[in-house]
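As written, the chains take the letters A, B, C and D, and residue 1 is the first residue of each chain.
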Amino acid sequence: MTPRITVWNEFRHEKENRAVSDIYPDGIHTAIAAGLRANGLQDVRTATLDEPEHGLTDDVLAQTDVLVWWGHKAHGDLTDAVAEKVVQRVWDGMGLVVLHSGHFSKPFKRLMGTSCDLKWREATDKERLWVVHPAHPIAQGVGEYIEIPAEEMYGEHFDIPAPDELIFVSWFTGGEVFRSGCTFTRGSGKIFYFRPGHETYPTYHHEGVLRVIANGARWAAPTASAPRAFGNRAPLEPLPEDPHAAERSQEGFR
Amino acid sequence: MTPRITVWNEFRHEKENRAVSDIYPDGIHTAIAAGLRANGLQDVRTATLDEPEHGLTDDVLAQTDVLVWWGHKAHGDLTDAVAEKVVQRVWDGMGLVVLHSGHFSKPFKRLMGTSCDLKWREATDKERLWVVHPAHPIAQGVGEYIEIPAEEMYGEHFDIPAPDELIFVSWFTGGEVFRSGCTFTRGSGKIFYFRPGHETYPTYHHEGVLRVIANGARWAAPTASAPRAFGNRAPLEPLPEDPHAAERSQEGFR
Amino acid sequence: MTPRITVWNEFRHEKENRAVSDIYPDGIHTAIAAGLRANGLQDVRTATLDEPEHGLTDDVLAQTDVLVWWGHKAHGDLTDAVAEKVVQRVWDGMGLVVLHSGHFSKPFKRLMGTSCDLKWREATDKERLWVVHPAHPIAQGVGEYIEIPAEEMYGEHFDIPAPDELIFVSWFTGGEVFRSGCTFTRGSGKIFYFRPGHETYPTYHHEGVLRVIANGARWAAPTASAPRAFGNRAPLEPLPEDPHAAERSQEGFR
Amino acid sequence: MTPRITVWNEFRHEKENRAVSDIYPDGIHTAIAAGLRANGLQDVRTATLDEPEHGLTDDVLAQTDVLVWWGHKAHGDLTDAVAEKVVQRVWDGMGLVVLHSGHFSKPFKRLMGTSCDLKWREATDKERLWVVHPAHPIAQGVGEYIEIPAEEMYGEHFDIPAPDELIFVSWFTGGEVFRSGCTFTRGSGKIFYFRPGHETYPTYHHEGVLRVIANGARWAAPTASAPRAFGNRAPLEPLPEDPHAAERSQEGFR
């Protein structure tokens, strides 16, 4: 079953910066959506910050299996209410693919519990993303590494929790490294963070990058239906009698 | 160097429920502090919810290497400002030992990025905490397991991120299991979650339980001084010239 | 693409012990193979210890995507040569599902690098396997737990490396717990260890158990084709000249 | 309590290659031992391949808390018997710090369960080891990175199990990256793999490198005494009667 994907984009740089709109005339989201389709994922829609409810209505979220996220300069403009809804949907099983500067987005920071800070430089670095976990489905078809001729540098220390799985590590010309492909699970939701690409480079036209995003979306799609059920429970096995049953029933708080 | 420990307690049950005050006449925090001292940790102070700033002034936090946390019925009464300060101090290296119902405290939920929900039952279950990671310093001196004659049950699924290390798994009479000793790192701070004990059982008078809390505090104390440094960086190695330097200097946003 | 599965069984108990052959008249492998087919995996063959080359010829191994392993009393009768071939195939990407007493098999011990020892008791324990990782595909369709009316007990400490993922934890009537569903990656191969079932109980007729084995086989099937390439490499970026090039070319050892 | 450390060295290059003996006139082991002492670890002895029993008698091993390992061209000359003893001592709690080309040593490969293969190049690469886990005691006092002016390159994919903790990632001039500081636990033993240094570079005179080796030895020293106890066990809780007790007592195999 093909996952239903929503590509979310801030979509501001493209309207304000000619250097960006030259590369992504229809927006970063459109380029990513095209890349997903080219990789066999046909059920793709897009949503952007300045749409009503940021394009992420309850309805859209309910029908999204995997949300792909790109944001950069306007993280603060996302309402807390929508950020919280995204987090809740992830906990309930929606996959989340967070790209590049999305490391500072509200949903990602909220799901990580860390500052998500890092080093950066916008210059002429080459980026080479080495596969360190060749058995992982997200690395499928990638070869030994992906090379991007020019990209913004992100450097360690990247302040995230230890990822469940580390799939890519990046080399940059200027001397830095970065854990650039990381997976996490939060609740029933699978999260894939993937480092490229900055808006002033044509990274989302790069075949290898698009392939990894598609692999990530496939991996993050909800597969399991094991229920997450919580709360007060009767014992499954016999217990001794409770001498304090009366007291406890008064206490009755949680 | 002995770590400076602050034991924080909600300290409400003990004032309102005779069953609890009979067990902990001076409060849960006092029992835990005594246990830490009995295990060789002499630099221990306490703080409670109803003190000014919840007893967690900037000064107290700055002088705390490890914070031990017990809360249950009044998580909502902790101000967001203090919760945020605790989180920031953890990121900066303060250790955090979260006990029992502290799983629902603001700082722990904020650091985990999950709901932290679970199953529970207050009855007559016996709890047996099995060591599954005998090489870990937190398991030192514990034996194969710790047995607690009666405790509240906590059952899986426990909605936390996969812990960095799993040290204890609990068995309960009523048929449930629980990952009851878990470590996490967030920023430079080490976190140990330890499941026992509910306020209506004398768990914090149990020698094995107190030993584990002391082990946990020793483990969580900050040892490393590797800096976490972030932000814009000049390259460490020579880069090709940047044909877009002028454009980039205008864009200048982050 | 449906994975090509080989179910390997020692197939000795069934010939020597009436209690076992009553439960598995055609062998444990036949029961497991039937369970896999019932769960939609049609490409299943079997192999047993006393066949030539233990049924694991180069040809069979080369055409196996996932090997399911059951052994108990005759681990020592497996030749080192075949054990080594299995290990190599796992490194090259073959999935491996190790069941129950297979924890002491040569391939599993070799892949773990630990003793793989544990506690055990053959009696009347009930086993309840709790899902602790509900987002994992191996837990798909399982519910909150699987209950097996009677099984051999396996207890912690289970001497394995920390698993990549912990999916099930077992509760036993007699008071023990066990990490009963664990994943590992070795080379390009994915490994799933699943604790049930002892040969004297009808565990491989249990629908939930068979479902998990099928889920595990699906998960362990090789999906990635990222090459594992090793050895001496020319630089991808220019290096300064080597003043010791002559000496180095003599040294020439690795 | 200061750990008792044994530094083991192959000690062949130093006798056969003038380029090496110029750097390490008394052997690599002597340089490392001096570095450990300079970092406050006073209980340090050495052992080398060509001593009787490779210098690793039962007595020496029994009195070693942490074994530091350097080998390269003569891995095959280590007897299987001694390799197995080292593995067993690690399982029983001895710490192991494996350096550089020790990735291909018998004990390390045996403990990992993988090929431990990698890419390499002996040239003029600079190596920069970035701290990716600043809270870890092994990173203490290191700063943001360690820079080594010239070193052999090791590149991904490094065929090891996913490490328990990843502490350093290396950048190399020639365009590669490497997970250069990794921890593992096997049985009760803690293992630290640290990538530098090749015998033809003066890496073990580098202050930062020596500091990390000392930190690693401190971290790997056995701290826990939780027993690893295995075998047949009576139940801790009452079981129903066993209708098959007679049959089972006959079966009696494990």
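The criterion applied here is as follows: a residue touches a chain if its C-beta (ideal position, glycine included) is under 8 Å from a C-beta of that chain, and two chains touch if they have at least 3 such contacts.
Molecules present, by chain and UniProt name: A, B, C, D = ThuA-like domain-containing protein.
Given the structure is predicted, the values throughout are model-derived calculations rather than measurements.
> Could you find the chain whose CA centre sits the greatest distance from that of subunit A?
So the chain farthest away from subunit A turns out to be D.
> State the pair with the higher C-beta contact count; candidates are A-C and B-C.
Looking at A-C and B-C side by side, A-C shows more C-beta contacts.
> Where the CA atoms of subunit C average out and where those of subunit D average out, how many Å apart are those spots?
Computed from C-alpha means, the inter-chain centre distance equals 27 Å.
> Taking each chain's centre as the mean position of its Cα atoms, how many Å separate subunit B from subunit C?
Taking the mean C-alpha position of each chain, the two centres sit 36 Å apart.
> If you average the Cα atoms of subunit A and of subunit C to get two centres, how far apart are those centres in Å?
31
> Send over the residues of subunit B in touch with two or more other chains.
128, 131, 133-134, 144, 155, 157, 162, 164-165, 173, 175-176, 185, 187, 228-229, 236-237
> Hey, which residues of subunit C end up touching subunit D in the complex?
Contacts found on subunit C: 17, 19, 72-73, 87, 91, 110-115, 117-125, 153, 155, 157, 159, 161-162, 164, 173-176, 184-187, 200, 228-237, 239-244, 247-248, 251, 253-254.
> Using the touch definition from the top, list the residues of subunit A that touch subunit C in their complex.
Subunit A residues touching subunit C: 93, 126, 128, 131, 133-144, 164-165, 173, 185, 187-190, 222-229, 236-237.
> Going by the contact rule at the top, pick out the subunit D residues touching subunit A in the complex.
128, 130-134, 144, 155-158, 162, 165-166, 169-172, 175-177, 179
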